[in-house]
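Got some structures for you, see below.
Across the two complexes that follow, subunit A remains constant while its partner is subunit B and subsequently subunit C.
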Partner chain A sequence: MTAGRPARRLEGLAFVTPFLIVYLVILIYPLLMGFVLSFQRADLFGARTFVGIDNYARLAADPVFHQALGNTFKLTLLIVPALTVITLALALALNRPTRGAAWLRGLFFSSSVLSVTIVTLIWRFVLTPDAGLVAEILQAIGAEPIPFLSDRNLAIPALAVTTIWWSIGLPMMLFLAGLQQIPEDIYEAAALDRAGRWTRFWRITLPSLRRTVILVVMLQTAAQLQLFGQAQLLTAGGPSGASRPVVLFIYEASFVRWELGYAAAAAEILFMLVLLVTLAQYWAARPREGE
Partner chain B sequence: MASLELSNVRKAYGATPVLDDVSLTMAAREFVAFLGPSGSGKSTLLRIIAGLETADAGEVRLDGRRIDTLAPGDRGVAMVFQHYALYPHMSVRENMAFGLRNAGVPRQEIAARIDEAARVLEIETQLDKKPGQLSGGQRQRVAIGRAIVKQPRLFLLDEPLSNLDAALRTRTRVELAQLRQRVDAAVIMVTHDQAEAMTLADRIVVMHDRAIQQIGAPMEIYGRPANAFVARFVGSPAMTLAPVSLLADESAFAAVRLGEGARIETRVPRDGLAVGAPLELGVRPENVQVVETSGGVPEAKVELVERLGDRTFVYARLADGLSITAEDAGGSRVRIGDTIGLRIDGAAVHLFTPDGRARHAAAAAA
Partner chain C sequence: MRLGQLAAVALVAGALLPTAGCDPGARAEIYVQRFFGECGALYGRETDVAKAEGECGIVTAMINRFAARNPDLQVDTNVVAWPGYAQLAAQIAAGDPPDLVTMHQSVISDYQSRGLLEPMDAILREAEVRPEDFTVAARRGVTKHGAIYGLPWDTVGGLYHVNTALFARAGLMRAGKPVLPRSAEELLAHARRFKAATGKPYLVQSQVNDPATHVRNFYTYLLAQDAPIFPDRDHIRLRTPEARRVVALFRTIDREGLTTRNQDYPAAVASFMNGEGGVFLTGTWMLGPFEQESRTPGRALFGAYAVYPYPRLWGHEAAYVDGHAWVMPKRERTPAQRQALARLLRFMAAHNFDWSRTGHLPAFQPVVESAAFAALPHRRDIAPLARIGFAPCPMPRSVLSFLPLFSGP
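Entry: the complex of A and B
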């Protein structure tokens, strides 16, 4: 490809043009539009005026946005570590060639194929204080039902549990794939080196899975920073904003209050957050010397 | 004192037997090679000794202590894996220290053993590198070092040279030979390469078809193979096997006739061989000489000539279609398509009875 004549290079360009057009139109253009929009006052009917950094200044002073940011961080911190540990444990337990393990792998993965609507319906049945599954159990042992979705201290944990249940499949599969990559003879060498179960896990398995762990943590962090559907459908961000994540804030700003510029500015801030997480992953997962 | 003793070891994977009743006794500090084609059960036997597989029946003892009931790490054996199996995320030093640390060896002792092994193996400058930064030969040394620092009673080497290129293999072979002089332990090496087995081992255990075919010193295996399999498997190029018939005769030694008609006076005692019974004659290339076509010697047409410099191997076909390998001088002028005479040294041939068992020439005095 180094010494192609101009005609050859045009030919090559022709091959990638269809993709480039689609990529530019549905990805790059909206990205730029969003960026421009965040400096404008705009509504859904097309009226737009340039307001400089006004939107960002308002966000910086908006307690509702601060609360949404805080909620998002709380959710991410509750979900990501727990999800990583649970899915790693599941992968370790199910990484065996038995029929039962294959069946259970399928079962644990199945929740991920459900849409968010179904997931929230299921968890509403579980969590609702009148005749929900948990409430029934609590009543059976003589305790009061707990209003998970309308208590300001319980709404975020309830969302976190729902999200973990929904998201188990993919990280588990990533860990299983990672485990399959570890050569068997290393474990045999470890057996001859008198490594017990724990030593084997901490000194062999976990270091071998380093990149998978980083990948899972970063993918999940990026995903949970954008948590939306569960919050909208289970709690609608309530009670009084106690479980409103940033994306729900953006949604309400743009489609309830029609403040497109303001919403776009919030979206740009979220975008920067996700971008930082992604860059952190590239940095953390860079190949170390000798690996 | 005996070092390793295997008694009646059996193993099957489901309905497929892989080892039938294997027994073996090794002397202290002995170097034994398990030699055989793939699927012969030699690796399985090594893994049973290491504890990576369990035998279905039989016992394994090391220095008098029964070890087949112990965990791999408690057996006093160290293994060098075919693909080295180094821990990729640990430095060379950590790789060697790992087993010792797990065994509770004091820190200073660990450092001393690693330094000593690194010095012997000339990997002192690599100690802080990761396996991924090392060449194949260096990884091999680290794998050997990891075994040495454990000061085991028995080393198990699984195809230790198979991943090295030809030049490095020869060098490492010499180093392995020197190394075993230094360690106070017995060594078992699994290999399918007869040159490795012949050059390194005190005794060779030839395995085939789930069982030991022969145990013996290298020259004994080569000179007096127990059966047709060992005769064909050991030696390169392989021994020629030819169907022959026993001739009625008054002599104490068997005289046989080749399919194409030539008569060969062997030095194999006749007793117990039935006249007319189908026999196979085995003769190594160095005992078949290329001669002029005159004077009643079998004639053959040359199909392939391999010139090795110091000698030449001639692959030829007798009139009855039998392939035979002969050896000629380094400067041989034989060419493909030539018709040559062959002189088979009757004193050096072996006879194989229909069950595959070998009859050898009587010792020179007889």
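Entry: the complex of A and C
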């Protein structure tokens, strides 16, 4: 028996080695390279000079980066809580074994399968003040069209609405999966105790979905801090940078201005931010004593 | 298969692969990358350039024609979304750039200064293309440190595209021609009169996701006032009385509703075509499509289109211009590929007149002076652009990058 253990360990290693190699090559190595790059003045074509923390110092004093950071936080704050509440409500409403509910689940999930290009095209037709859907409705009731995509105060909410519409599918499915794991007998016991609908929701459903809520919030926070495609295609970060998120800033610095080191430094800051926010949420939602 | 057999197969394959690449009977393959849009559904099989319209149609038909006339060559075309520079930079960084690529002349310096482009003097000689035939603007656009880095294809600039029917309603036509303003104050007076008479804005502008519009207007009127935009390689000077004058004018136009607002480029084009404004401030590339509209009965622009360079509002006549060019990123090429590229360049140069039907000014002086070009509609009216057009230099890349100066459809 003891002779079999090293052999089985080798077998196990043989199974995970291909994954480990791919993981190291396409994730860990670029991560380390990015970290090294952030201390260099580098362009896309191989020029590299060590500049210490110069890139980070420049970022600290760069108002465009500060604006992009602010925009990213605003977007995340607008999207994540709303998305969590909406998808939880949808999951609660559609968690029933009827044909209509199944059809609606498919309908609400369908937006998630669209590419960002299609999503932004659809929302351009909805939001543009020049013959857009909202503009047509407003004009029909005698109101002025609203320039959602070119007003500095409305561009971020417009991006948030677009993103919520696009992202509804996965969290809704996660909540549905969570709901279906709650044992029915708990609800039956609550019914015997004459617990009302709200009491059942607050005392049974929500506590049972705690882990799913944490998962949804953490996944969505990490995703929205990296929002890119919608902003690039719908507003190009405008007007005057009012809707430029950090990833668009990184894209412009690296692929448009060729300042790869500077972009890498911004990417490292974003990475740390995502890590910190995720860890903070994890810490805040950890099980306390007696729970 | 046993390991020994596998190794033998790999050895044989390895020995065969390089020979396959050098097969003298194989067709030389060239990889062309361009913007100007994708219109394969309409012109994918068209080889008659005269039947094609618009930038996309004409360039597609031209490349089709070249491929059809040169069956010994394999021409692969990759169409990139305008302007395609992020993609090109990534291709160069990956060591796999195209053989020939469209590039704005104002952008050539960015790539040339890093040694990413091939000087093209020799290949143009081989193609029997004479740089002496380039127009002054085109030659200036592709010449860097005494060497030529592109086959210039045109000169592009902003124009005043006018709906003459609406101008007539506003009493702004004289002897069959639109009355254009001669000062900022006159422009405001005309615009107010136009709005009062027609109920429509005087200007149509694409102001959403299109900084190029503002930059064209701004640079043109700074050049007209001889305001130095780039005092040196690292700075741009915009806090000047001249700049404030230009900004104040456009802010007044915006505040008084004398322009369309909140339109992106497609919306602004549609707006002008539907007769929703008097003057569309856009480039030479729309001359062809608008001209076609003006010949189509039932359209808002039918018999009601004229086009001119930006009017002089301050200082002297001026226009900020750029141009398109075909450039060769540095990469290894076989002699057969070089020869194929020379043939393609010669073909492109020989068809410069066809390209000028887009509305852009030709890059070759003999074409500019030809009767065929003069016979094209409106070309006499926009001809001054070749004389007054100017591109400020040096242009720092940070400015270029954020402000794509000429956005075609």
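Basically, the second predicted complex is superposed on the first by the 262 of 291 C-alpha atoms of A that agree within 3 Å, B and C clash if a C-alpha of one lies under 4 Å from a C-alpha of the other, contacts with A are read in each partner's own complex, and residues count from 1 in each chain.
Quick note on the criterion: a contact is a pair of C-beta atoms (placed from the backbone, for glycine too) under 8 Å apart; a residue touches a chain by one contact, two chains touch by 3 or more.
Worth saying up front: this structure is predicted, and the values here are computed from it rather than measured.
Peer 1: In the superposition on subunit A, see if there is space for subunit B and subunit C together, and answer fit or clash.
Peer 2: Once both complexes are aligned on subunit A, subunit B and subunit C fit side by side.
Peer 1: With the two structures laid over each other on chain A, which partner does A:199 touch: subunit B (first), subunit C (second), both, or neither?
Peer 2: first
Peer 1: Give one of first, second, both or neither to describe whether A:48 is in contact with subunit B, with subunit C, with both, or with none.
Peer 2: In the superposition, A:48 contacts neither subunit B nor subunit C.
Peer 1: With subunit A at the apex, figure out the C-alpha centre angle toward subunit B and subunit C and round it to a multiple of 10 degrees.
Peer 2: Seen from the centre of subunit A, the opening angle is 150 degrees.
Peer 1: Who does A:58 touch here: subunit B (first), subunit C (second), both, or neither?
Peer 2: After superposition on chain A, A:58 lies in contact with neither partner.
Peer 1: Going by the contact rule set out at the top, does A:74 touch subunit B (first), subunit C (second), both, or neither?
Peer 2: A:74: touches no partner chain.
Peer 1: With the two complexes superposed on chain A, say which partner A:211 touches: subunit B (first), subunit C (second), both, or neither.
Peer 2: Neither: A:211 stays clear of subunit B and subunit C.
Peer 1: Taking the superposition on A as described, I'd like to know which of subunit B and subunit C A:183 touches: first, second, both or neither.
Peer 2: Touch status of A:183: first partner only.
Peer 1: After the superposition, pull out the minimum Cα separation from subunit B to subunit C in whole angstrom, please.
Peer 2: Minimum over all C-alpha pairs of subunit B and subunit C: 52 Å.
Peer 1: Determine where on subunit A the residues touched by subunit B overlap those touched by subunit C, and list them.
Peer 2: Comparing the two interfaces on subunit A, one with subunit B and one with subunit C, no residues are shared.
Peer 1: Within their complex, state which residues of subunit A touch subunit C.
Peer 2: Within the complex, subunit A touches subunit C at residues 43-45, 47, 128-131, 145, 147, 149-151, 235-236, 238-239, 251-252, 255-258.
Peer 1: Using the touch rule from the top, collect the residues of subunit C that touch subunit A in their complex.
Peer 2: So the residues of subunit C touching subunit A come out as 85-86, 89-90, 92-93, 114, 116, 207-209, 211, 260-264, 267, 270-271, 397-398, 401-402.
Peer 1: Quick check on the complex: what are the subunit B residues that touch subunit A?
Peer 2: Contacts found on subunit B: 50-52, 71-74, 77-79, 81-83, 85-90, 98-99, 102-103, 129-133, 146.
Peer 1: Going by the contact rule set out above, which residues of subunit A touch subunit B in the complex?
Peer 2: 183, 185-186, 188-196, 199, 203-204, 207-208, 210, 288-291
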